[in-house]
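Both complexes below contain chain A, partnered by chain B and then by chain C.
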Partner chain A sequence: MKVAVKVKLKPSILDPQGKAVHQALQQLGFDAINGVRIGKFIELEVADSADPAERERQIEEATRKLLSNPVMEVFEIEAGEGESS
Partner chain B sequence: MKSAVIVFPGSNCDHDMFHALQIMGSEVEYVWHKTHDLSGFDLVALPGGFSYGDYLRCGAIARFSPIMQAVTHFAKSGKPVLGVCNGFQILVEAGLLPGALLRNENLRFVCKHVYLKPENRQTRFTRAIPDGQLLRVPIAHGEGRYLVDGDTAARLADNGQIAFRYANADGTGSANPNGSMDDIAGVFNAEGNVLGMMPHPERAVESLLGSEDGRYIFESLLSSN
Partner chain C sequence: MKVAVKVKLKPSILDPQGKAVHQALQQLGFDAINGVRIGKFIELEVADSADPAERERQIEEATRKLLSNPVMEVFEIEAGEGESS
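What follows is the complex of A and B.
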């Protein structure tokens, strides 16, 4: 199965990349867009056979330990719908 | 005094660091990141560069290289660890220093000489810096915006853990090149034996390089043993 991990900068932290993209969007006339923040989308391929609790534990720990940095980022984990390749 | 320069895949200031330590009188060896042993060394330097291509976050993958366990032991035993640029990023990712380093506020890769104001000259890294001396050293980074939460920032200042702040040539503020919190360019750990800094003292050790001010840091380190 596929699991999506979304990692974003904490809301309090300035995202200059998002700001630059927002400025470009404004120049292009997208005036309904009030702000942009850029994060990361990480797709994990997880063994279907794994015990669900163990699978969840590993995904959570992997995200805390390596995929995100708690000093500056927050994350969301979304289990995918059996579209594994 | 024997120094280790840790080499990660993507390190590119390892030779500069080796050269600086050598001309300052240290015996130096490169240590590949896949090894586990730092016995016999008195100083560990984590050089600048782009370890693992800066993938995921700067320093995030290098921080789990096998050698980092030995570096953590080395640091916990009180021996000096110096991380410059990517080395600093690796040290914060490893939790050996507080805070995080984010993309420069102006989104530019900034490559120029800056002035640094030493904030604590009582450490093994800074004791040779004369009173009132600013250090003119180069920076070269895209992700050097230092950030900690407000409480930690106050604690760092109270504990003398702020090593350097960016300054103008006359020592005044408003010379911040990357948006770092409180103009911070380098920090110590609480025990004072780990220093991380974005500027490159190893690129300022000979007049040919445009400045010799980086020598003060190596002099401080190499005279303390």
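What follows is the complex of A and C.
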């Protein structure tokens, strides 16, 4: 089962990488784009065999403790897309 | 209007960053997680005033030319979430 995790910077945190990309876009004439913020998109391959509650706990804990920085970032977990491998 | 762009590595491309995270998770006892792949999650703030067709063209072109590397990556554009600012 695949689980997608989106990690975004909190709105109050400056994003220099996004700013640099935005400036590059403006210089290239992409005038419809007014801002860029860059986060992470993490795909987890989760064992189908695991107990669903335990699976969910592990995904949530791993995201909170390792995949995101709770001081600067927020995350969203998107349930599995059903593509098992 | 906000537009979200997900950029993922193609399945055939090795992801050493994801592998390192996966190993760390395993060492910490997250045994339900069998694999990790790390991509980018980019939020674009797009001018509502722009012509929708032109807007879409710019988003698509910016993503293809600047935000992703077509040799190694694939992208998905998610239509605006309606949160204008």
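Everything below uses one rule, namely that the second predicted complex is superposed on the first by the 84 of 85 C-alpha atoms of A that agree within 3 Å, B and C clash if a C-alpha of one lies under 4 Å from a C-alpha of the other, contacts with A are read in each partner's own complex, and residues count from 1 in each chain.
FYI, contacts are C-beta pairs under 8 Å (C-beta built on N, C-alpha and C of every residue); 3 or more make two chains touch, one makes a residue touch a chain.
The structure presented is a predicted model; accordingly, all values stated were derived computationally and were not measured.
Asker: Which holds for A:34: it touches chain B only (first), chain C only (second), both, or neither?
Answerer: After superposition on chain A, A:34 lies in contact with chain C alone.
Asker: With both complexes superposed on chain A, which partner does A:44 reach: first (chain B), second (chain C), both or neither?
Answerer: Touch status of A:44: second partner only.
Asker: With the two structures laid over each other on chain A, which partner does A:66 touch: chain B (first), chain C (second), both, or neither?
Answerer: A:66: touches chain B and chain C.
Asker: Using the touch criterion from the header, give the chain among chain B and chain C with more contacted residues in chain A.
Answerer: Between chain B and chain C, the winner on chain A residue contacts is C.
Asker: After superposition on the shared chain, which partner residues are touched by A:53: those of chain B (first), chain C (second), both, or neither?
Answerer: neither
Asker: Contact-wise, after the overlay, does A:14 reach chain B, chain C, both or neither (first, second, both, neither)?
Answerer: In the superposition, A:14 touches chain B alone.
Asker: Which partner chains sit in contact with A:25 here, chain B, chain C, both or neither? Use first/second/both/neither.
Answerer: A:25 sits against chain C, while chain B stays out of touch.
Asker: Could you say whether A:6 touches chain B, chain C, both of them, or neither, answering first, second, both or neither?
Answerer: Once the two structures are laid over each other on A, A:6 reaches chain C alone.
Asker: Need the overlap of the two footprints on chain A, from chain B and from chain C, as residue ranges.
Answerer: Common to the two interfaces on chain A: residues 40, 66-67.
Asker: Over in the complex, which chain C residues touch chain A? Could you list them?
Answerer: Listed in rising order, the residues of chain C that touch chain A are 6-8, 18, 21, 24-25, 28, 30-47, 50, 54-55, 58-59, 61-62, 66-67.
Asker: Using the touch definition up top, name the residues of chain B that touch chain A in the complex.
Answerer: 56-57, 60-61, 64, 92-93, 99-100, 102-107, 147-148, 179
Asker: Which bits of chain A are touching chain B when the two form their complex?
Answerer: Answer in residue numbers: 9, 13-14, 16-17, 20, 40, 66-67, 69, 71-72.
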